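Okay, so here's the structure we're looking at.
Going in written order, the chains are labelled A, B, C, D, E and F, and every chain counts its residues from 1.
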Amino acid sequence: MIFAFDIIILVFLVIAAIISLSVKDLLSASMIFGIYGFLICLLWAEMGAVDVAFTEAAVGAGISAVLMVATVFNTKRKSSD
Amino acid sequence: MQNRDTKPSPARPAHQIFVFGLLFVTWTILSGFFDPFHLTLGVISCGLVTIISADLLFEYRDTPILFRFRQAGRLIAYLFWLLWQVVLANYHILKLAMGSKDRVQPQFVRCKTSLKSDFEKYLLANSITLTPGTVTTKIMGDTFYIHAIDDVSAAGLEGEMERRIAHIFSTARKSSTSGES
Amino acid sequence: MRLSSIFAIIAVVITGGILLYGVSDFPSFGDPKSPANAAVPGSESVSQYFITKSYKDTKVPNLVTSVLADYRGYDTMFETVVIFAAGMAIFAILGSVGGESQPRVQEEESSFVDGDHSRIIVGTTCRLLVPVIQVFALYVIGHGHYSPGGGFQGGVILAASFIIIALSSDLDAALRRLSEVNYLRLACVGILIYAGFGVLCQVLESNFLDYGVLQPILLTDGPEMARSHSMLGVEIGVAFTVTAIMFAIYANLSSRGTLRDGL
Amino acid sequence: MIITIISAILILLGVVFFFGAALGIVRFPDFYSRTHAAGKGDTLSSFLVILGFAVYQLKDFHSFSHDWPILLVILKLLAVSLFIFMTSPVSTHALMDAGWEDKVKPEIGEGKPNHLNDDSEKF
Amino acid sequence: MTFDHFSIGVGLALFVFMLPAMWRMSVGPTALDRIVAVNVIGTKTAVLLVVIGVVFHRVEMFVDFALAYALLNFTGSLAAARFLHKTKSSSEIFEEEGGAES
Amino acid sequence: MAEFFEQTLQPHFNFWIYVILMMIGLWALIAKNNLIKKLIGMSIFQTAIILFYVSLGVKEDATIPILDPYGQAEHAAADAEGAETEGEKKRDSYIGKKSPDPDTMANPLPHVLMLTAIVVGVATLGVALSITQMIFKEFGSLEEDEILEIVKGGGVDD
């Protein structure tokens, strides 16, 4: 556990969550949700949970953002809120 | 992209063994265990990857393997030269970012290349992207459309890089061009 | 402001207030003596048992893997089944309804600017990287005992390599390497490998997933090494299922279940 | 000691280049120039930082027969930077191309050519 | 000052340099700006994982998923680029209010 | 200020953020109009819970829950005995004469529980996204209020 990293990542995490929920473009929202995954992987790594961090790294970088982009591609990009 | 998949080159056993060897070196670096159990695992895994995707690693499978080694040596020398160019590029961008905003004069330039094969073009495009203030935006046949961030970067495009890349593949050119469309 | 939004703010504030009130009673962050980490006086802590004894029991240095695949193997097996069930649910939702071809995709094809850049730059990089990614994924699966990794992580990375093939050229190129029939088979085979290890232990007159009795079959020196090797087999089963289902989810989602002309 | 100093110098150089990239992201005028700063500043600086930490690993290296795992760790660290070098230009290029397809207006300097715009009717 | 403190300082500096990207992510005029910011943070993440490994004195464990990050980081931008290739341009979607969507 | 930092902020900061993230996710699930935004909120909610679990297992100054194959302390112990060959020492150093001290190693149990939760979370996200696609195909919209109007107005138009 590295306390200095801990506080900064947690604050960034809240910022990233709020940004990704407030953007009206769903493509941007899903990419920013990818950022959320990156930060949370750093958080697990810093707290010593390496296996969880590895899972999050593989899932967040490779799969989840792509799945969301694929869905947005097949539906509609614009959101009302 | 469709061209490559609809026209598979004949798979040759020598090439598959070569690919297997390369993958096994990668496995050894990753693994770090040299007991029989893990080496067996490595052989199984590399064999699996060779079966699934051996055709991906080399596009022109007609080139003799001996040429590959000579090319690889020249490629590594080129990469060191490229690294120095990347350092210069970053220094340039750093100066530009700190300086006044008037010095940033973005522009799209085009430049013709005499390189033929896909891999040479790929190398040239990536080198351009990595070096002073230029990014390859589009490739249409022989023409590269390049976004340059200022005049200095746009002026540095001509010449040396292309010559060096042509030099890497010079001996294998005759045999490699025969394999492509 | 909509009515539901006001209601939402009230509900969220109440929930958050209650939870924040509860937080003040928590043990402080990073305390080695908190009830979750150390024993409550008068009882034995399960996590301390895992840390001190699991290497002696299983000869696996990565404690997470040993707990995941051995002590809590039953749990992990059904987590894998949940993933399998999720894949089946997606086939049921998308496959049954979406059968007709979409005319929209044909329009997009024509607007795609015809140049060589995509094939040269993106295609060549992906062509060079995909075998490396696959070897790396198999390394992660095989070395879950000694470093972070294991079936779940390696499976996801292996699926990502196929997704990269699909993104660099098109979905057909990826399906040619791992077709629909094959990934369905692979998913089933993964579960069967996992369950097979459990049933094999039962055949040898022991409990389900009690790997120690597999020693005469695996020809290892001692039940500990038998447990270690069985864990590797179980991880491989997990990896098969995860790879197949993750790739199947992408293939179905990107093409609305038609498996043609996706993203 | 000398290994520590060398690695510290490399890492600090990398941090300086990171600073340049961060500055470029804020200050450059349009999307295309910002991509320059983002794509380039990050590759070299991450290479330098990772190289610095790889050099630092050498401080425990005394004899080859005993400490060879450290060499493997260094090779893996270099592989990380190699892959960043391979993938970063690709994403830079892909985003630049997508930006042009998406009709993001480039900001062209006064009197500078825009050949892509001139030729795009021919495509 | 030991090397650990130095490493933590480097990590903090990297986090500070993430802030411009976060800012660009929240204000960025186009979707592309946001995606570029995502890319920047992704590269920094791989470096930060190595930094954390050095602080923990266990680099040989942490380097594995730095590798995974370096290999898989470009998947997201690739998907976004393909998306923008295959659909109408963003300016058309976001300027015709109430017009034909998608 | 310093006192506040040490007494209140440091011991419980992770738990505060977990509550805040949970509130953000719950708010998005209830109040957001767009279905994909709701799914993003659901994922944030899920990570908040994972954050809570992993935070419980953290110990101060503890190392990661993987026994060190090349650990310095064990090396020193093995060197003192001096009976083993080089290769054996490397492979067997973590076998250790004594079992590891539980206080110097992070708690592996929450990691195990949460590791599977992440992958299962992605699979369920895939199911939710496929349902979203079907809703779009049925109603031609992803906005909740428009869908509700169509449903109230007597089913699908087309």
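We adopt the following convention: a contact is a pair of C-beta atoms (placed from the backbone, for glycine too) under 8 Å apart; a residue touches a chain by one contact, two chains touch by 3 or more.
Quantities reported herein were computed from a predicted structural model and do not represent experimental measurements.
Within the contact network of the assembly, the step distance from chain A to chain B comes to 2. Ranked by distance of CA centroids from chain B, the top chain is F. Between the interfaces A-C and B-D, more contacting C-beta pairs are found at B-D.
In whole angstrom, the spacing between the mean C-alpha positions of chain C and chain F is 14.
Taking each chain's centre as the mean of its C-alpha atoms, chain B lies 33 Å from chain C.
Counting partner chains per residue, chain A has residues 1, 48, 50-51, 53-55, 58-59, 61-63, 66-67, 69-76 touching two or more of them. Counting partner chains per residue, chain D has residues 19, 21, 23, 35, 39, 43, 69, 72, 76, 79, 83, 87, 89-90, 92-94, 97, 101, 123 touching two or more of them. Along chain C, residues 30, 62, 64, 113, 115, 117-118, 121-122, 125, 128-129, 132, 136, 140, 146-149, 152-153, 156-157, 160, 163, 167-168, 246, 249, 253, 256, 263 each make contact with two or more other chains.
Partner chain C is touched in their complex by these residues of chain F: 10-16, 19-20, 22-23, 26-27, 30-31, 55-60, 62, 64-67, 69, 94-96, 99-100, 102-103, 105, 107-112, 115-116, 119-120, 122-124, 126-127, 129-131, 133-134, 137. Of all the residues in chain F, the ones that touch chain E in their complex are 63-64, 66, 68, 70. Within the complex, the chain D residues that touch chain B are 16-17, 19-21, 23-24, 27-30, 32-33, 35-37, 39-41, 43-45, 69, 72, 75-76, 79, 85, 89-90, 92-93, 96-97, 100, 106-110, 112-117, 119, 123.
Listed in rising order, the residues of chain C touching chain E in the complex are 108, 111-113, 122, 129, 132-133, 136, 140, 147-149, 153, 157, 160, 163-164, 167-168, 263. Those residues of chain C lying in contact with chain A across their complex are 30, 62, 64-65, 140, 148-150, 152-153, 156-157, 159-160, 163, 167, 246, 249-250, 253-254, 256, 262-263.
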